[in-house]
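Right, I'll just put the structure down here and ask away after.
Chains: A, B, C and D, in written order; residue numbering restarts at 1 for each.
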Amino acid sequence: MTVGLNEFLAISGLLFAIGFTGVLLRRNTLVIYMCLEIMLSAAILALVGFSRFNNTMDGNIFVFFIITVAAAEVAVGLAIIVALFRHRQTIQVEDLNTLKN
Amino acid sequence: MVNSYLLQFAILFPLAFALILLVGGRRIPDPVTRIIAFFGVLYPALIAIWLWIAFDPGASGYDFVANVQTGLTDWVGISLKTGLNGIGLPLFVLSGVVGLAAGLHSLLTVREKVREFFILYLLMLGGLMGVFASIDLFFFYFFHELALIPTFLMIGLWGGRNRRYAAMKMTIYLTVGAMLSLVGLIALYVQSGAEAFNMIAVREAMAGQTLSEAAQNYTFALLLFGFGILVSIWPFHTWAPLGYGAAPTANAMLHSGVLKKFGLYGLVQIAAPMLPGGAEHWAYLLALLALGNVLVVGFITVDQSDLKQMIGYSSVMHMGYCFLGLACLSVVGVGGAVFLMFAHGLSVAILFLLADYVYRRTGTFDMNAMGGLARKTPLLATFFVTAMLASIGLPGPGLANFWGELTVFVGLWQWQSWMVVPAVFGVVISAIYGLRSMGKIFFGEETESFQKRQASLPVIRDLDFGEKVPAVILLAVLVFAGLWPRTLSDPLNEAVQSYYPDQRAETLATTQEQDEKIVYRGTLPGNE
Amino acid sequence: MDDLQYFKDAAASNEWSLIWPEISVGLLALSLLVVEMLVPKMKNRLVPMIAMIGLSVITVTLVLSWVGMGVSYGESFAGLLFQSGFGESMRLFFLLGGLFICFLGYVTLQGRAIPRVEFFHIVLVVTAALMLLAQSNHFVMIFITLETVTIGFYILVSYFRNQPISLEAGLKYLILGGLSTGLLLFGIALLYGAAGNPQLAGATAEGLNLQALRAFLLNHGDHTLAVAGMLLVLFGIAFKVAVFPFQIWVPDVYQGAPTAVTAFLGVCSKAAGFALMIILVTRTFNVETMTSITVPLLSLMAIFSLLYGNLTALTQQNTKRLMGLSGISHAGFLLAGVVAAVHVDWAVWAVVFYLFSYMFSSFAVFGVMAFVEGKNPGEGEELIDYTGLYQRSPFLGTVLGIGLGSLAGIPPLVGFIGKALVFIALFQAGLYVLLLVGALSVAISIFYYFGWMRTAFFGDGPDTEKDYPAIEVPLPKRVPLAIIAGITVFLGFIQVPLAAVLGL
Amino acid sequence: MLDFLFYFLAALTLGSAFMVVASRNAVNAAMFLIVTVAGVAGLFVLLGAYFLAVLQILVYAGAVVVLFLFVIMLLDDGGEAKVKPTAVSIGASLAAFMLLLLGVLSFLGGPELVDTGAAQATETPIGANLQEYGRQLFSVYLLPVQVAGFLLLIAMIGVILISKRHQEEALEE
């Protein structure tokens, strides 16, 4: 195939940007969390791409760890969101305003 | 050798006793607290006096040098190096003596939160002893702050009216001053390239090289304004009278008498000799500000009716003379400044002490609401008159102050003759407020308000034994130093001569064409 | 046969004995779970005791091992770890930190209807991860330990699951933590990609290894990808240490988290970030082409952190938020030290010294906070709740005074020494602006620290309509606080023990 | 063919990622997340990382997103349609997006990278197969694997702890 590293990096960069924008833009904590996952995916894609075109295995191994961690993070994060929902009946960011001066 | 350890013990004893009181907590009964505190203030004074006797007058460098590693040597060359030279000795003695007197006074008068008071007092005393014993620049600063913090707390906790505002204002001013001087000290050390952060090493390193003019100027400016704020140089003096007005007596004595001299000491011992170019650059401005201290603050002092405030302002005013002496940058001027620092420290401490005695008898500091006290308390009146005359700088009982001021004038005459006129006018101002205060408090008729108030006051008695002791200690040292200044001025002269080697010689040779030999190698009083 | 040899070689390079303290802490954490199962009746008393005693034993053994056997230096685990004096001192740091957090947790959790064992278990695991983090020499190692720490903190921050305030703080930390992880990872990916590019001379197959990466950067420090990666990595870490402009999460999370966790977050998590900063900024990215970017950038961040933290703390009434905001200014100091360390070698030790001093003084303050606060959310956290603390409990008042004084940088307390060392380092590095801002911020910080002290000591003013009860602290619980306060004072006078640790 | 596949997958990934951000409904967002994840997995296949592709599908699509969906159903939140993002937040987000885009484009335009495209690997030079993973993970990367174990342990404990209903512990002492 004629597609090179640059194309993969471009996808990865765009994916990262979309995820980042989502984190900033969205108000629903669940969706924000999904956007974080998109950012992680972007980083993973970049790593795998580099690993492939640099001919080194390290990047792939790193991705293995990242996926492991991401799964754990999601589990903890969702647990917190659910627990909070029980108290507040909401998952919108602007309703999380108990903490203030 | 043993004496070197004594120097460190003078720092250690008060701190250790403070620690004992702190750890002991409420289990220590009040009388025991007082006994511990008594020894805590006694030992440093005894050591100070012993070292005064033991000091080798011929030594031009440091005596009693000892070095303790505290752990920072490898990185930044900091170690607790202690020792005394001719400039440090008078001030070390001063802290010991004033510390003892103020301590004795508090032992007899403090009634509430006794344990806390003496923990803080001993901390402050330990810091004071350390300031003038440190050769290491870092610990020099460190001990000053160590003594400063208890001051704030004591003003806040035991102070008189306005104490919170006073404590806060003092904290802000002094913190800013201290930070500036710390930055200045660091600048000095790093630029000198010395291997150790102490005065000896930095001085040697500076002697081997010359910093650029700009570097000298800004480093000296940092030190000048940092130290200057700490010494209440005009126009940064407003914290001082306020603070002293609110401070408990012992604090006012220690701070105005001793701790404030830290800044001057720093300028005399460190800044001016190590940065001669910078000192030269700023000397004129310094002298003008000092004249501001003498004249502006002098007039404000005359206007005061509150006794404690008046003493506070007068202390600020007298700092002006010390600055003037320093600005001369000559042996005579600087020597006079240091000697005046010593004498003023004692006299202002007595005045604060006596102001407290007056308050105990009249229930007020307002001088317009007193009068005729001399008839009931002749001894107090005698002490007060003596101390006030000394503070003004009249010959007689205040010989020490007189020597100091006179020498400063001589130094000033050789440098900027015209400044002698306003400076001497300052003496007249101090005579005015001094005499007025004596008259208002002790002579004349009792004012009506005072008579009314007496009904609610205990019967006015003259000084009792416990009150006499601190005052007598201070006066005795003052008189001794006045009558026999050689014991201090000889070492002082040695030290100053090696630090201020005719700095002005060349400048003046062209302008005045005088014989520098006689003028600049002039000797200090009592040294003929 | 071939495979067997492969594993044998790998096994030989994995010198597990080198990380015995971490392994011990991990095993200790596991043993807590076992204890919970075996003696469920006693667990609430037994578990904290075992955790604290175990950590103390490990700490003492570690120190003794230095004395007895010295310290080993160099790479281990095939380059995953790098043993150094810095790593050793940070090991001790995190062990001491974990130990005191266990104590604080014991105090905070007492009398609450909430599980305890899990708290100590997670604290221990996080402590072990922190200790490994400080010795990492490889991005995989950095990532996995950092994430263990982060996930641990997600749980710990939201530990009071029946208080929405705690959960809310947890969620905020979660989102911003996730964001910082994303930045960090993308940065690592870019660095890895740049370093392994076969088109470039000096490309390395081990782009994730910091030493190899540095060797690459020496030649290609100005490579666009490498620079972008470095910036992203630094920003990711800046989130963790909460320096401007990545500090937004701090006040809320500090306030919502249980006090023991706030202390853990404020001290150990911050220290972890700065350990990484030191490893990366001064030991990996310290090539000229990169320092020309990092030094001005980090200096600016430090300056703004110093100013932002202090100015916002001035009007703050909630003590936890106050600690968080003032912590931002301390992070500014530390960052300034890191910048200085780029030019001046010993400044690394100034930073580590500052970290230690910050730990002792913060713990003194947090320790008092744990006793003053009430059992309901937000109770006893306002400054006004400290009114007359000295009169209510002279012991707590004294400890608070010592802690706050040290944080403010007042001699003779250890905080002053830390600040002075950073100042000297800054001057030697020629960073005069930073030095002046630092001095200014010390002066500003005096206001709020003294304001707090004034409330605690002189708080007999007109605002005492409410009658504040006396606080009794039983003797066993006094001991750790007294030790911490004692260390804060002692190290102010004599720094020999700490200097010996740092001089390893 | 491969090129076409790449562009197809890229479009799929980016498009669905965009839809995750844009969709009003959380359920839809989660669905699009699955597509995104699958797209990324497809790209992994193109890059020869078959194992990771499988892992990605298994963990993300199989576990993570399902978990998301589960939680969404459980919470049954009213949706966020009522609260419109403010102009400021939209502006800030767009600015951030543009900045990132600019960054991506600018470093892609760098001379060093354009060349890397030549470093094409037609076969699979690195052993990105299961055996190689096993070797690496259980020799060189054994320590991180152990740490990851602890990480999963505390994550598990944490999840149980936080999601337990308020079954109050008995107070001792």
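The criterion applied here is as follows: contacts are C-beta pairs under 8 Å (C-beta built on N, C-alpha and C of every residue); 3 or more make two chains touch, one makes a residue touch a chain.
Since we're looking at a predicted model, the values are computed, not measured.
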item: Pair joined by the larger number of C-beta contacts - B-C, A-D; value: A-D
item: CA centroid of subunit B to CA centroid of subunit C, Å; value: 43
item: Averaged-CA centre spacing for the pair subunit D and subunit A, given as whole angstrom; value: 5
item: Cα-centroid distance, subunit C relative to subunit D, in whole angstrom; value: 29
item: Distance from subunit D to subunit B - Cα centre to Cα centre, in angstrom; value: 70
item: Contacts with 2+ other chains: residues of subunit C; value: 140, 144, 147, 151, 154-155, 158, 161, 167, 197-198
item: Touching two or more other chains - residue numbers and ranges from subunit A; value: 5, 9, 16, 19-20, 33, 44, 49, 51, 54-56, 61, 65, 69, 72-73, 76, 80-81, 83
item: Listing of all chain pairs that touch each other, if any do; value: A-C, A-D, B-C, C-D
item: Of subunit C, residues touching subunit B in the complex; value: 346, 349-350, 394-395, 398, 405, 410-412, 416-417, 420-421, 423-424, 427-428, 435-436, 439-440, 442-443, 446-447, 450, 454, 457-458, 493-500, 503
item: For the subunit A and subunit D complex, residues of the former touching the latter; value: 1-11, 13-22, 24-28, 30-31, 33-35, 37-38, 41, 44-45, 48-49, 51-57, 60-61, 63-65, 67-76, 78-83, 85, 90-92, 94
item: Residues of subunit A defined as touching subunit C within the complex; value: 5, 9, 12, 16, 19-20, 23, 29, 32-33, 36, 39-40, 42-44, 46-47, 49-51, 54-56, 58-59, 61-62, 65-66, 69, 72-73, 76-77, 80-81, 83-84, 87-88, 96, 98-101
item: Contact footprint of subunit A on subunit D as seen in their complex; value: 2-3, 6-7, 10, 13-14, 17-18, 20-21, 26, 29-30, 33, 36-37, 40, 43-44, 46-49, 51-52, 55-56, 59-60, 63-64, 67-68, 71-72, 74-75, 77, 79-80, 83, 85, 89-90, 92-94, 96-97, 100-101, 103-104, 108, 113-114, 116-121, 125-128, 132-133, 136-137, 141, 144, 148, 151-152, 155-156, 158-159, 162-163
item: Subunit D residues touching subunit C - in the complex, by the definition given at the top; value: 103, 106-107, 110, 112-113, 115-116, 118-119, 135, 138-144, 147-148, 150-151, 153-155, 157-158, 161-162, 164, 166, 168-169, 171-173
